[in-house]
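Just dropping this structure here.
Labels run A, B and C following the written order; every chain starts at residue 1.
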């Protein structure tokens, strides 16, 4: 791994990769953040992307990420100095200024926020994250699994209402969420303040690089240069390259035969509304049912559990060769269903308890638990 | 020949016109430099037939890169941007059109809760400075305007009152979610206000020359048609109309309401879909100069390369589509030289690769002009609402749908012909349960339709 | 003897639907209903489905009503375990895709509103003792039999309530009196005799079962058929009594009607007390007396017991011609069509069609009168119809002739009175003494009907002309001279007098 930096030119790939790892549902409408980040990087210059091991283990660092709705954020974009407010709050606790930031999760809009924060604060960005995907709750992280405390949680809204919350992880989550609701729909959060040494066990390493790599594959195809061929060949090549880059499996692909609100008594901890959809697999004739609650949570193939959180489920739109999600789909559209295995730590007993189907209100055993 | 309609595409000093009456199509083309030549062209086309309507595709006339004049962009946000970060736009087009960028305090959240009081003094100061700078138009974009447009309305009123010479575009009239995209659309809209006025007046004048009963309309980017008044206020709606008109024309000539359509051009194939007689549209497509705008436009996927390559790609798409495939020559008017022959050859090559059910359309006039003649009133609304119960959602949804139908009626739809074409309520991720984004499309039949 | 353990004795899903607890459930997918159900499992978590054995009816508790995905998961697991069916609570999220999946797996799915646990208990009870469940079915049928008042209703109860069984009521001659005709042709049949009101075998109930029935199931079906016998006999008797009663009322009413008409036609007549009677048939029986009528008269061979057959004839008529009365009259049955534009030809055609459709216990032929108005006219028309019918008797069942068509020949047909017949036997003794005497008399009558034309006579008799020529030779050889005009009428009369007893 060479020393890298993230420049304006990397933003399209970062955006496309962020969309891929958003597990479809949360990727809706994050393009605005690309425009926004490009403008910031154009002003501040590139951001240095470093491995945790390359930093002084004593460096104070914190995770940066937004909670709330991307639609709300697109309508009310950050004014730019939110990270400054967070860094100031957290530095007060450390008794020292932050030396680096890392992503809460390198996916969806939260793949971009830490880059913007590092740029505005002039700090290096650590190439890791705490989810490797999108989870609905900010304490569903490998940081949490490793015992790094979420709080003190520094939050700031688009209207610059700011708060430093000192409480347990779940409580912090709840309080911050109701604040997000009242303060314009989203909050930027600084959390999991720690020394870099703690990240060795607590983080998923190389996440940001992986987002960029997958993003480049997607961008290459989206540019649609003639070399890539047409139709089936191009679509199959993209699938091949995506599976190679992410270790993903293709669960199936075909026409969306059903999509709409899903009736289910999921836990009320989650904001948003459950959505269900069914894809008729073109080759096998199987029915792939997908359940989404903000993100895609599980996939049943002819009623048999084929994939579930914490593994990532992604939808590729065959007609545009872009990642897509239930919010953008209607019955009749053609999609491929991909499953990307989550980081190994998520398949531990504690990992599945925090981010497995049960955590989403599904009384199911994760496919990896079978026979355990 | 009752109910003859004329469609005209204006581009690069030329006019391509088609007259459609019942099953008959006539065509004419010529220079459009002066009004007299244009009037002569249309009269020659009509040959004394009473013409009900002339519908203009003026998207080329409204190209923001050439026709736009710089404007002041004013955002209304609860907080000033930090060191100006994040307010720039990467598009050269937009940077060229924004002569002055400013922000004032104010705005609402998506559900209509006021985030900050509108700073009217800063607003008037900015507007006055813009005018002093020589700018003639101002684009006003308030955060949360799709949920509550009070601040935009107040700001617009204040500016018109204090600076009557300054034209103002309000983002909620342009519509769409997402501040940046909506602002881009509003800026382009404001930049085109001057040109739009000229174009609308000219088109009205020429159409009026055909007789007192001939009305004048404009093709919108979503494939519907809008009134002169609406285009004058919202020229951005008239952009990218040519592709939409061509899709509509292809489906009409093929005699189908639903189709996957391949528009054969000399340099490639553009694939779009027609549903219920209207082109399939999207709001997240790059518009003029690659700028994403929160305005619906016909979704056309380009397939470049040789005729054989585009044919096999289209064959694959058509095979997976449940609707019939239509291939149409979308060059200029029939018999229009090498340029057109290349498009025709491509269309035939593509059609030859497809199943026999495929319809090959070789239009007797320019496809977009034929499509323009046949456009029908339409409207598009994209908004957010909050409903705790299904009943509440249905009620609020009905209100929005009614608003869309009213817009259709205002575009000259025959009373009772207005209908909701599609209405989608999508739950919004990571907002409290019960938050929905509602996208409504409505259409109708034109009053003059015999 | 405990039989529940034997697979053949198990209830099928279909049976549970027809008379078990699943009858109240909505059937979302109705594939593969013939599978036997061995046990019931009430599951509150998906893992429990994995432990179900083949043939299990899997019932999901409300706690598992977590949406379409949960039902589909259960569906899949149930299918893997070869379950017999899946019962789930009314989950609003259940979709077309779920139903499609179930159809592909050929697994029946039922949706129950309310508590599925209650449904599971009922299922368990039914499955634990199929005999009890079947006894309940029999009891339910018996209950429904009692509510039905006619043969068709009773047979219908079996066809609608007993799963997989088609039943028909078949007369000894193979005629299907009610129910599904196909039942009598099925491979596996169960038969039970049905006695008539007189206690003698009157018909047979035939039940077709799909496949060879298990012993208990066969017993159940037989039990239900037996249960149907008494109500069937009762309803047959009731129908006959009703028919006779109605017919007798009709006869009295018709007599009264004609009497009143005659009284009205003779103004000099006594002060008619029949005026009150005249309105009776119209009001009580719903007859139309005013307007233009065409009367018809049905009769049978005199040698048959038409009195005994009368109820059967009347009910057969009512089955075929619902809107018109059939009244016993003279030696046959009378009826009439009424209408402003009615013609004799129409009535002849209609009557002919109806006679062909009627399931009459005895052969019938019909005469049709002229068009006439009012009650008095009806009486005349009926007299004409009676005469015309007399001619038809020798032509066999289904023949219809009109008074107009026959002309004066009707007179000849009415001459078969005993003394005239005796004289005729003497006059034609030579002819009758021939080996084929009756044939020769019939041929002679036909020849005289046709003014001596052998070809016409051959056509009327339905034989070849040469046959007729041969018979003419034999007739002449017996001393009968066909060519003497002074003899011809007498000969014709003599033939007609003998015809009724010869046919």
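Rule of thumb we're sticking to: a contact is a pair of C-beta atoms (placed from the backbone, for glycine too) under 8 Å apart; a residue touches a chain by one contact, two chains touch by 3 or more.
These figures come from a predicted structure and were not determined experimentally.
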By count of C-beta pairs in contact, the leading pair of chains: A-B
Centre-most chain [mean C-alpha coordinates]: B
Chain whose mean Cα position lies farthest from chain B: C
Rounded Å distance, chain B centre to chain C centre (Cα mean): 72
Geometric centre distance via CA averages, chain C-chain A, whole Å: 76
CA centroid of chain A to CA centroid of chain B, Å: 34
Footprint of chain A on chain C - complex, ascending: 45-47, 64-70, 72-77, 79, 91-93, 95-97, 100-101, 104-105
In the complex, chain B residues that touch chain A: 77-90, 107, 109-110, 113, 115-116, 143-144, 146, 177-181, 284, 292, 301-305, 309-310, 312-313, 316-317, 320, 322, 384, 424, 426-435, 437
Chain A - residues contacting chain B, complex: 25-26, 28-29, 31-32, 35-36, 38-40, 42-44, 67-72, 74-81, 84, 120, 136, 158-160, 181-186, 224, 226, 230-232, 255, 261, 268, 271-273, 275, 294-295, 318-320, 327, 330, 332, 334
Complex interface listing, chain A residues touching chain C: 257-258, 262-265, 274, 276, 278, 285, 287, 289, 291, 298, 300, 302-305, 361-365
